[in-house]
Structures are given as C-alpha cells and as structure tokens.
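Heads up, the thing below is written out as structure tokens.
A, B and C are the chain letters, set down in written order, and residue numbers restart from 1 in every chain.
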Amino acid sequence: MTMQASSVTLPAVTFEDVHKHFGTFQALDGIDLTVRRGERIVVFGPSGSGKSTLIRCINGLEDFQRGRIMVGDIPVDHRLGTVPLIRRKVGMVFQQFNLFPHLSIIENCTVGLVMTRGMSEQQARAWAIEFLVRVRVGDQAHKYPSELSGGQQQRVAIARALCLQPEVMLFDEPTSSLDPEMVKEVLDVMEELADSGITMICVTHEMGFARAVADRMVFMDHGRILHDEVPDVIFNQPRTGRLKEFFSHVSASA
Amino acid sequence: MAQQHVMSAAQPRGRSLKQAARGVFKGLFGTPTNIVLTLIIGALLVMIVPTIFRWTILDSVWGNVGREACAQASGACWAFIAAKARLIVFGRYPYDDQWRALLAMVIFLGAMAFSADWRRWRRPHAGRTLAIVWLIALPACAVLMTGGVFGLRYVEIDRWSGLPLTLMLSAFGILFALLFSILLALGRQSKLPVVRWICIAYIELIRGVPLISILFMAALMLPIILPDELVVSKILRAQIAFIMFFAAYMAEVLRGGLQAIGKGQYEAADTIGLTYWQGMRRIILPQVLRLTIPSLVNIFISAFKDTSLVVIISMHDLLGTTNAAIIDPEWLGIYVEAYVFTAMIYFLFCGGISWYSQSLERHLKSGGARR
Amino acid sequence: MTVSSETYRAPPFWRRPAVRGVLIQAGLVLGLIGATWFFVSNAVVNLAKNSLTMGFDFLWSNASFELGESVTGFAAGDSFLDAFYAGIANTLAVSIISIVAATILGVVIGITRLASNPLARLLSGGYVELVRNIPLILQMMFWYALITRSFPSPRRALQPFEGLFLSNRGITFSTLRLDALHLWLVGGLAVLLLVLLLLRRPARALKAQQLAAFLRDPRLPLAVLAAMLVLVAFTATLDVPKVAGFNFRGGASITPEFTAVFFGLTIYSAAFIAENVRSGILGVTRGQREAASALGLRPGPVMRLVILPQALRVVVPPLASQYLNIVKNSSLAVAIGYPDIMRVATIIISETGKAIEVIAIIMAIYLTFSLIISYLMNVYNRSIMAKGG
C-alpha cells in the first residue's frame, strides 16, 4: 500500500543535507531522509542523538541553519513564513502530552477546529467527538485533563492532532513519560492509526511497536543517520558499532 | 503578599472541640514565654477594649440629632455621620438627584456580584449572558449619572464625587489597566527588539516613580501638551493616569505568569496551527490570569485604595468628601468619626475583594481545572 | 490518503516574519516620533499663549517661598535648585527614619503572626488586616488631624516621660548639648570606632600576629565606645524644652507634619513588611506547625541564629521593594503639607508655571532612588550567590 502511493506522488517529507546546531553543539549533522506518503518511520537512538530535533524541525518548532526540508511541495522556511502552512499539514504528539489544562477534553480538540478551520462550535464538537471515540476516550469528553490518567491524556493528544486531519503525524517519544501499564493502550491506538495509512514519523524506543508497524527504522547518533533500514534488517542482521552498543543498553535496561 | 489563611489550613480539620480548647490553652499558658505574652496582651486588651467600646457604643450619640446632643457626650458623635453621610458618600453631586447616583451604584455593584458568581461561568452562553448584563448595566449607570435624557437633569462629570467617583476610578482603572498590561507584558516578551525596549522602558519608568507624579502629569502637564480641544475633564485625566500607572505593575505580574507557563503549552498551541494572538487569547493568557490571581488582586486592592490620591489634585473622591465634611465649622472638632466611617468603607471593599479572590482561588484549585 | 490538489505558492513577501517585524517596529518608532512632535508643538503653542518659555534656567533664580521645615536650612531667597535639594533631603529624612521604624515594627509583628500564643496571633493578624486595607493617605490625614486638633497646646502638653512632650506642635524632646571642643573629641572617637570596625576583617590577613590579634580583640571597640559614653555623660548638658508663649523653647522638636507622615508610613509599611517576614519564616520552616514550635517552644537563640538568618535571604528582596515603596509613598506627604520633594515641586510649579520641567525633574529624582535601591539589591543578590546561597 505504501509502495503504490509513493510511486506516483511527491514524498511526504524530505530532508536534504540538513544541519542544525545549538551554539557549538551539533544537533543535526547533514541529514538526508525521504519519507514517502503513507510510510511509517520509527526514529531511534541514544539520548542527545538529535532524533527529537529531527522531527521538531519538520513542523518548524526548531529552525535549522543549513539544508532543506520539504513537506510535500512546501519548503519549511522560517524566513519565507511558510511555517503556518506546514502546520496545517502536520500534526504532532508530545512526550509530555501538552494538553491545555484549562480546557475540557472536548475543548482541547475543538479549539483548533474553530480557530483554524473556521468550524462553528457545534460542528467542531460533533467532529471532534468521533476522534475521541476512536481513541476510546469518548466518555471522558467533558472532563479536564488533570482528571485523566497519563495514557488517556496521551490518547486525547493523539485525537487532538488527528481531528485537524493532518497529512503527516509526528510522535515525539509518546510513551516515555507513561507508567508501564499505560504504554500499551497508547501503542494500540498508534497501531490502529498506522493501519489507516497516514504518514507517521515516530521517535520511540518501543521496539515491539517498531517491529510491528514500521516500514523503515532510522537509527541516529550524534546528529547523523547511521542506519536507515527495514525492521527486518535492523533486528536480524548482525549488529555493529553504535547500534550494537545501543541495543545492549536497551536490553540491559529493559 | 497574598492573604493566606495558613493558620486554619495547618490545623487538621475535624478535631474535637475539647482538643481545640486544649490547644488554645496550651498556646496561651504552655510555656513561660507564652504566659508572660498572654498576661501583657491581656492587660493591654483590658485597658484598650473597654475604652473603645465605651467610645463607640456606650457613650456615643446615635441618630440624626444635631450638634448639641454631642456636646455633652464623651463618646463618638455618630450624629455627625448621620448628618453628613450623604455628603461623604455623594459629595458634590446635586442633592436632589443623589438617588440617581445611589441607583447607579446599586446597578453597578449588582452587575459585579452577578459576574463574580463562578457557577455561572461554566453555563452555556456564559460569555454572552455577562456581555448582555454589562451592556445594559453600564449605559444605565452612565445615563443615571449624567442625565440629560428621560427628563433627568444634566449633571456635568466634574460634579461626580464621593463613593461613585471612587468606584468609577477604581473599576475602570483596573479593567483598562489589565487590558493595557496584557499588551505591555506580551510586548516585553516580544522577539522584536524595538517593541521589547519600549515596553521595558515604559514599565520600569512607571514603576520607578510615585503615583502622584503621574497624577500631576495628568492634571498639570496634559493641558500643556494637548491642544485645548483635546483636553478632557480632570476626572478623565485622573482616570487615564490610574490606567497608565497600574498597567505597569500588572504587566510585571503577568510577565511572571507568562514565564511560569511551560514551553509545551506554547508549542502545542503552535502545533495545532493557532496564530500568535489566537494562542495567547485561548491558551496562554487564560492560564496566566488564573495563575496570577493572587498577585493581581493585590494590585486591584492597591488601586482601589490609591484612588484616594486624587484628593491631592483637589478632586472629591470618598476621601475628599470626608475632608469636606470635617471642615464644617458647625461641627468643629469632629473628625475621628468621619475618618473611621470612611476607613470602614474602604476596609469593607478591600476586604471583600480579597475574600472573593481567596474563595475563587480555592474554587479553581478544587475544581481540578489545573494540572 | 488524499493528496492535496492545491499546489504550493510562496506566501506574499509581507507575510514573511522578518518583513513584518521591520514594518511593525518602523510603525511604532514613527508613531512615537509623531506623538512626541505633536506634544512638543502643542506645548510650544500653549506656553506661548501664557508667555511662558521652556528650559531649566529657572533653577538658578531665587525662590520667594519658605518651607515649613528643612533639613538643609532652606530659606526664601535661595535658588529653586536649593529648594529641590531641600525637598530631597526632607523626603530622605522622613523615609529613612520610617524605614528603620517600620522594619523593627514589621519584624516584630511578622514573628508574632506565627507565635504559638493565639492571643498574640489574633492581635498581629488583626493589625495587618486592618492597616493594609485602609488607604495610607487616609491614615496620614487621620494622624495629622489627631495631632493638630486633639493634642493639647504646649502649655498642657502630654508628658509620657521626663523630657518628652506631645502637643499640637508635634513632638518635642530634650537634647544633649556639647560644647565645640567636646563635640570634636566625641566625633574623633566615633571616627576611630568606625575605622576599628572596618579594620576587623582585613586585619585577619595581617602578617604581624600581635597587631592582628590586637585589632581583632572585641574589647577594643567596646573600650572606645565606653570612652565616648563617659565623655558625653560628663561633659554634655541636657537641653530641656520649656514652654514659652505658644510654643516650646529649647530641646528639639518634630513638626506635626513630619510626625504624621512618619506615623502613617511606619504603621502602614510595617503591615506589609510583617507579611514578608512571615512568609520568609514559613518558607524556611516549611509549615505553620514547625514555625510555631520554633517560635514558641524553643529558646530564643534558635530563632535568632537559625531561622532568622535563613529567612533573611528570602525576605530581603521583597523588603527592598517595600523600602522603595516607603520612599515613593512618602510623596503622599504633599497632602498634609510636609515639604517633601513633591510638595516643593507643586510650590515651584505654582510659582513658575514650569510644570513640564518640574515633573521631569521629580520623575528623574525618584527614578534615581529606584535605580540605587535596585542596584544595591543586585549587589546583595550576587553576594548571596557567591556564598553558595
């Protein structure tokens, strides 16, 4: 399915020789990456490897100094002022959920619909509730974020991004700040989402999830992409160097 | 700085009366220091309280009974208040039309009380309801105070005085200062250096000088630097001075609140596609205001008290009318009663505001509307 | 997935953030320049109408007014500049004395608010609530009325203790008088005492052990102090005020205006300082219970040596802004006629009509006060940081 879509249309996201540094720290060091439409990418690597920066550059939360990022046919360019256009096409889910604590669950979803899609409050509610039901928090719609568990909050965050109908979904370590028993409910939702055919770029250490849904796995270290392979290769080929080291840490801590 | 009733909070609820009594007794007589303290304070109270009680209640003169009745009494001459209450409360507002000022105050305070009830805020169309209430209340107040229509006599704005003037100066001062301060606080955080520097300069300049100097500016400088046809009445000039002054203090409080909101909220607002102003209005500012209620209310209370500074530029607010009342030669020598009366009015309003803000804060906390 | 059919077009150039930034800022600058030009041209027209001019040269011409009191001894015929100096000195005089008194009163009340004794808590709590919910200017006017209207005439002045008189002329008290020679001697000893105290810290680094030990001996400054006291006790004469006509002669007095401003500022500011002290102590002891036990059940040294110094660090920044508030609030003195800087300013404006210049000057003066206090605050914060605060 991914193959069909990508062969005829533009890639969803492309990186061409992207460099970014914070002061002297080189966060991204010559990234080249092409994500085809409908493709599901898992980005992983040790902390500080630049994987979060990579996806935050896609929707303009971070600027970069050199190279080019395209979302569809739109360049991500802070100077040209294209970032608002990008954000209409790209949804994002954060590690810390970042729900709006003063708004109810349903309002968390409708605020974007009303303000950026010009829907009426009623239309937006009817629209948003479907997505809340899809992530199985439909019955919580009138509660406030602080009344929900971490897993529920993260699912609301997914619904909030989805109801704006993005073409690309970014996940920045969506399960890292969850209690272990809640990880699965979030991953289940993400797997269902993967089946829907949306383009997904996930920064995550959930290797089970990666094995199940990823079309490609991107291993990063020191701001560079060291491996970009299908999961089969990552998991089953003999590992070398940094990847081997990384997996030994992951399995040791797991 | 916010009034906090930590004392009651620290003591676990639901203790029996007996235990509480034992605690009080221990506090009073538990240690030598406390025994000495109790004795000293007790002696002081025994000396002072009966005196005050005699002066205010036992030996005082009540009712509108005239000056002579007070001559014999050794206590307070509340007859003075009875005779002068209307002067103190309404000041130079035409005597026969003072019912209009009273009605305007009742409408205004009623609308305030209506809006203050937080149970109403969550109801559907709460915003619209409140807007309608104020769109009726404010013009009604203005018509009542000014007159000139519906057969009401015209009263020029410079005759507004007493409590209505104090309420007007503080309510509009607080409201517009808050709106202005939001712009200042956002400007101070701006990425544009010119905007940022102008806001910083304004805020620091205003915070560095006393309110009176701003009032003098409004009273003495504005008529010089504006063409004659733009020079508004003194009351409005004082109103502008209050707005300019308190906005700087509120902006500093809001800045603290803006910094306290996590980066994640700004990023989430950006990510769902809100523009800067949309994100501020719907996501960031509501949280900032909630966070800064205690500090903002402290400024509101200061603003309410500080409206009394207009006496210095010879305007007749509540304090000004009080001073006008005590210079009446017929009641020579009576002033304590007047100041006590006026002080109580200020005390009730300030105490009321802080009581309300505390209960609102408790409500917001228990309401779980915050993470 | 549907692929969006619309093709990308670059946003118009005025949508670019950099362009918008430049436009907004340019607009703002132009607006400011325009407003300034508007104000200045109006001022020129309006001043010309009243045949007034702009400029600060009036500062050097002679003032024809007297001030009710002046620390610097201002008198009619001195220049307007001297009048400003007199106003600044009067403002500082009443502010500094009020700062000292309000700090003492505020610390006492702040500690009392946390005492284990419920009666003490009640009293101090009532004080704070009452005082800070009533406008300062009303309180000052009340004190002023109390002193000028209800205090007896000098002839029947209240005398709470020997040598102190309360009357409608203010507070009058006895002073010590020294002749010139002894004044010089006492002054010299005071300078010596100051030098000794300043030398204590650097003396530690001295090579000469004996000299260092001598300089660091705590008995040395005490001895100098004792010598001063003895000298004063044996050579000074007491100048007791006596009633002469409608006023006192001899001693020293504080005017009703000064007293009212001082009372008002002290009582009002103490309530705010008390709240700062209270929250400072609560911050250190983490909770009411511990605070109460530390204050009520343990001996004084714990409070003095453990809690207060720690609380001090938390309290100093808000305290500094309270001090600045006292200086700014002293401008309310204008309402009861104490000749502070603000009162002097109003007199000068009414004499010369130079509203713009005079208001600019007083703003500059108060800004200077603010800058000095915030500079000192920064120095203090840095020294706390340096100590690993």
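The working rule: a residue touches a chain if its C-beta (ideal position, glycine included) is under 8 Å from a C-beta of that chain, and two chains touch if they have at least 3 such contacts.
These numbers were taken from a predicted model, which means no experiment stands behind them.
**Q** Please work out which of A-B and B-C is bridged by more C-beta pairs in contact, and write that pair.
**A** Result of the comparison of A-B and B-C: B-C.
**Q** What chain sits nearest the middle when you go by CA atom centres?
**A** Closest to the centre of all protein C-alpha atoms: chain B.
**Q** Provide the C-alpha centroid distance between subunit A and subunit C, rounded to the nearest whole angstrom.
**A** The mean C-alpha positions of subunit A and subunit C differ by 57 Å.
**Q** List the centre-to-centre spacing of subunit A and subunit B in whole Å, with centres computed as mean CA coordinates.
**A** 49
**Q** Could you work out how far the Cα centre of subunit B sits from that of subunit C, in whole Å?
**A** Chain centroid spacing, subunit B to subunit C, equals 25 Å.
**Q** For a test of understanding, state which residues of subunit A touch subunit B in their complex under the given definition.
**A** Of all residues in subunit A, those touching subunit B are 59-61, 84, 87-88, 90-92, 94, 96, 98-102, 111-112, 115-116, 144-147, 160-161, 164.
**Q** Would you tell me which residues of subunit C are touching subunit A in their complex?
**A** Against subunit A, the touching part of subunit C is residues 1, 3-4, 7-8, 10-11, 15-18.
**Q** Can you list the subunit A residues touching subunit C in their complex?
**A** For this pair, the touching residues of subunit A are 5, 9-10, 37-38, 72-74, 78-82, 85, 89, 167, 197-199.
**Q** What residues of subunit B sit close enough to touch subunit A in their complex?
**A** 262, 264-265, 267-275, 278, 282-283, 286-287, 290, 368-371
**Q** Flag every residue of subunit C that touches subunit B in the complex, lowest number first.
**A** 21, 24-25, 28-29, 32, 39-40, 42-43, 45-47, 115-121, 123, 125, 129-130, 132-138, 141-142, 145-146, 149-150, 272, 275-276, 279, 282, 287-289, 296-297, 318, 328-329, 331-332, 334-335, 342, 345-346, 349, 355-356, 359, 362-363, 366-367, 369-371
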